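Below, chain A partners chain B and then partners chain C, in two separate complexes.
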Partner chain A sequence: MAAPGQSARPVLVCGEVRTCLLPSFQALDGRAAAQLLRLRADEHVRVSERPNLYVLSPEVLTGVDCRLPTANGARVRAVGTVAARAALTEGRVLQATAYFSAPATGPDLRRPWGQYLVRPGLVEPFGKLPEQATAQGVLRGAGRGELDLGMIAEGLLAGLLRHPLLDHKAPFKSRRTHLRWTARRAPDGEGPALVRFTLAEDGLRSMELRLPADTPAAAAAGLCEDLALHDWLLTTVVHMLDNSRLGAADGPSAVLALRPAVDHLLHLWMPRAHVDRTLGHLWDELEREPGFSRQWHSLVQRIRDQLAVQTIPLLHQALSTR
Partner chain B sequence: MTDVVFRETSAEPRTQAVPLSHLSLELGHLYMEDFEAGPKRLGEHFAEVRIWVEAARASAARRAGANRPRISTCFLIDDYFSRFSTPAELVPLILKEAEEAGLTIDYLARESGCAVADRIELAESVMHRLVESPPPGSYGSRPPVSRTGWLANGQRSPGRGAALSEVTAWQPPQETAARNHSVFMDVELWSDKDGRRLWSCPFLAAVWQLARLGLLRHLGEPVLTPKPWDGGDFPHDWDRLPPLLQLNPEADPFSAYRTCTLMPNRFLAVEDAVRLVLDQIDVDARALEQVDRRSRGERVEVPAAVAQRASYVFYEEPAESSDEGT
Partner chain C sequence: MLIFAASDKGGTGRSVTSANLAYHRALSGDDVCYLDFDFGSPTASAVFDVPDARQAAEDRGLHSYLVGEVGEPVRVDVWADTEHRVLRNRPPGSGRLVLMPGDLSGGEFATDDDNLRRCVDLLLRLNSEFDLIVVDLSAGRSYAVDMVLEATSLPEMRGVDARWLIFHRWTRQHVAAAAGLVFGKRGIVAGGVARGHDEDALRGSIRFVRAAVPDPKSALWSQVSATQSAWMRECDRDLKQLASSHGIGYSQVLGAVPLEPVLQWREQLITDEDVLDSQIANMETWQALSDLAGRLTDDKYWEQA
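== the complex of A and B ==
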């Protein structure tokens, strides 16, 4: 007998991505990256070299049996598995994502555990899923004893950061960002849509999507990782420029402060490089407003101009001491 | 859908499929004590097993519907927990006794092949696939991925706290899927001694079940695959015998949608533990999908949960043959 509800399509997918600089003096090459992300000895790590070096771990599961976070305080118990995976871009930016899908309804009894394991990444509510309230609850963050995606993503990240390959000599200081996301099912016949992207304080971002029923949850996770990566790049470079006290600082120290951006970050900007084809166009929303790439290009230009300006006196100096 | 122009093989997961029978029927599992009891006892095992083999075949035929039922038989020899005799001496004896009972052994396996086969640490890989059943209240804090080497079907009775802590009342353990009352079970998966890990019998048997169900892969490739027997002599050293040997060239595929294991009833607890382990293994999703697709293609329903695909017949053991003549 096939498990009841096996064909039940999820109506909601929720996730959280944590993005940080890999604490390693050198960026990892493809082989080392694959070694880092080999969460299981018997499963392949996916390595992609075009258009940039992108390495994706196999997924690991965490079993949960707890209340779902809900914005209206509704107490809904849910059981299943949360999938988690890690990605490393250009051997430099490390991301950990935890995500789950949920169907509209579930059984009122807990099934034998093996039935949950054959549907990895699915968390079933007891009874009816309060879709809206759960989506909002996930974006707000888990309360005590509620399903905590951030904790699962953090757990994966913490495990990876203990890997002996890492020397913990990050080339510059940066902060982690957290992106929480939800994807509700789009009405039949409608394509995928990005409903909202919110930049909050303390590195917290949230995103609401609408996706057709046939979009795999992993594809949604991939899109969110891509957006989180680029948002992290913007955040980090803006922060670096702020700290360099452009104009105020004397030449060499401004150059020193900006150098890591040139060495490690400027080549990483590559929107939708590994995003599912059906979802790539959602980027357009953020390009229109606020204009992610527009801001990035302006930052890059500023850094290059600044470095050029700083080289002029050095050049003068060099010529005059001849 | 538009064609993809650019592809990268290292970026695409690939999982090779394995041929599948309807049923993998295990005719027995030989331990040293069985061997020491003499060939007559082995013959009695097979004579008893024969009766249940007929029943298992009939059941498989019914499930196969209009298809010709594909059934393969196998036999497992323990060379992991204790080494006894040699393949050259033992295998012909087993084959002879089976044949006399009217049975054909298609595949012969060594238990140590479930720990390491073709230099691949199978048991270790499967251990990393354990996803423990979360007791109510688990919200994402990481369960101790069986760091202790034990796996349970519920929450253990709280251990004794520090010596200075107050004496607390005893709390019972609790089975997570209990119906009114608990049947709590805690299974030892391995022990470490002198720097060497010894996998437990139930854990290796769980790996064995996964192999028989066609659900084991290593980097997308099937593992513990049968090597054909050339009909020659068997080696004098167990290590030189392939971990899985195909004795019958005409046999149906080794792996199957379902398994049925025929064993003496003293193994009941071990096999219950095997099911507990199987119920908490996150098996290769693509291997699972391949089985699903193939079975639906020939209109054979397969239980969703992996542990449900294994069935057993526990029979009464033949009397001690050492009391011969009584």
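== the complex of A and C ==
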């Protein structure tokens, strides 16, 4: 094992985040959340209460020995471990992330498992890593027999959803979103950059980042979880507004359809709350284009205006019967 | 809510009727998912007229998912992918209508722990996303029936409401067979109780749907001779008696679907256009389907007798 630090220096980090509403009638408090996310007995769950309740599980590893997804069809076998973790925000929004880092080259022979296990979250290619093709392959999605981050994230999420703490009586129906992301190494001397954020159909999103060599993969995962959380909030509230037929349907029914948003979602908007300090400014690019917070504030304003309008007749009634 | 559609025999119109119910609920604004668990002969893609789904589900359908060959079963957005002229125009205010097709090459398979876990994961996941999930089960006491009985008996599924519709034709043999499927020695109730279901709760969640019922009073039969008419009424009365003696009398029936050539021959969704414009389908059928769809979630029809 010659100079493992050198050979293991990652040039590519890839991940997938799945975000959903916690299927429970009530939001979980910090203690219950920590209980839910205790994925390992030997490591603590991280609970932070400021500026909002955010609970992060320890990482669990999945050993892999399979082909990497590649956009050009190149067949590259890779061996190592994929890291996965789960996060719960305000006891309401559950996320599962699977991610791995890959070095530019790896050994041509498979090594004993012990050597992979001491590098959690690292997947080594046999020979040279086709960086670009792998990044694109991950964003496109894995085929059969290829390393499938979505399947690993889904496995973690499904396990959590079977937890006895959850009653599956969620206050409203909502869709999941999947965010696939890749981070290639930024040229020396350049800071982190967000290259592209794309919305596709069926709740699929993809994001390409450039990160300096010293950015830990877990920090990148944290940034992507934060973006995925806020994108999910936007997606969910937009869908709720669409379904409420606000403007078309009259009276209180349309507004009542929006009540779950008021009860469970509007207070969750808090970009960068738990993002690594060196990456927080990447949010600025999304704020400029497409303008995440701008859209959110407009949605929130619309909901509040509708609530206000609905109270006017009641006020009228109350005054006239005096 | 989960709706399991079962029948003892084939040819009861189970698939086509339950698909129509899914369609009606989506029209009224619910997000609806239709699962084709008829592993022996998946037909849903024909009913919803989504030929592409046949292709897509070649090896990525529910069957492949349950046996662990793919991580997620393929989903077909019916409004977007159908080739049906009317369905293509999604009406404003309607909910999502998603089909999860079965694999063309899939057959029945015995349930093991892994299949069961995947089935539970899928149902839990869909339950958080859709207002109504219609599961079309293979005819008879099939593995599919066993699997969902087992799945719904598990503690992690206790928060998910599930109801059963048993489809049968309005004939002596079908009435007896449907009763056997539910109350027989190896029936759904016995099988459920053996898996830990509460008997009363399970019985209370099962209702029957009489399919292809010729209504002697309908316009369709107004031209028949007096003798024929009398004979039909007598048969109908006998059948009602038979049904109630088998424990599937009036209080256990969620509704009846009239004998309808369009359902029988075309085996597709009946749209308002079929009823109002081209008038190839009967208004009574449309109304019966609409009533049934509403009763799926109307607790009044599911109270214990």
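Criterion: the second predicted complex is superposed on the first by the 309 of 322 C-alpha atoms of A that agree within 3 Å, B and C clash if a C-alpha of one lies under 4 Å from a C-alpha of the other, contacts with A are read in each partner's own complex, and residues count from 1 in each chain.
We take it that a residue touches a chain if its C-beta (ideal position, glycine included) is under 8 Å from a C-beta of that chain, and two chains touch if they have at least 3 such contacts.
Everything quoted here is computed from the prediction, not taken from an experiment.
Upon superposition of the two complexes on chain A, no clash is found between chain B and chain C, which fit side by side. When the two structures are aligned on the shared chain, A:R162 is found in touch with chain C, with no touch to chain B.
After overlaying the two complexes on the shared chain, residue contacts for A:D148 are found with chain B and with chain C alike. After the superposition on chain A, the angle chain B-chain A-chain C between C-alpha centres rounds to 100°, nearest 10. Touch criterion met: A:T62 reaches chain B, while chain C stays clear of it. In the overlay built on the shared chain, the residue A:Q310 is in contact with neither chain B nor chain C. Of the two partner chains placed by superposition, only chain C is touched by A:S174; chain B is not.
When the two complexes are overlaid on their common chain A, residue A:E43 makes contact with chain B while staying clear of chain C.
In the superposition on chain A, contact of A:T97 is made with neither chain B nor chain C.
Once the two complexes are overlaid on the shared chain, A:T215 sits clear of chain B and of chain C alike.
By the touch criterion defined above, A:T182 reaches neither chain B nor chain C.
Set against each other, chain B and chain C differ in how many residues of chain A they touch, and the higher count belongs to B. Chain B and chain C never share a C-alpha pair closer than 8 Å once the two structures are laid over each other. On chain A, the surface patch touched by chain B in one complex and by chain C in the other comprises residues 148, 151. The touching residues of chain A, when paired with chain C in their complex, are 20-21, 23, 144, 148, 150-151, 154, 158, 161-164, 166-170, 173-176, 202, 243, 245, 248.
Residues 29, 31, 69-72, 75, 92-93, 95, 120-121, 124-125, 127-131, 155-160 of chain C are the ones touching chain A in the complex.
Note for the complex: chain B touches chain A at residues 2, 6, 8, 10-14, 120-121, 124-125, 128-129, 131-143, 176-177, 217-220, 278-285, 288, 301, 303-308.
Contact residues on chain A toward chain B in their complex (touch as defined above): 1-3, 6, 40-44, 46-50, 54, 60-67, 77, 79, 81-82, 98, 110, 112-115, 117-118, 120, 142, 145-149, 151-152, 155, 277.
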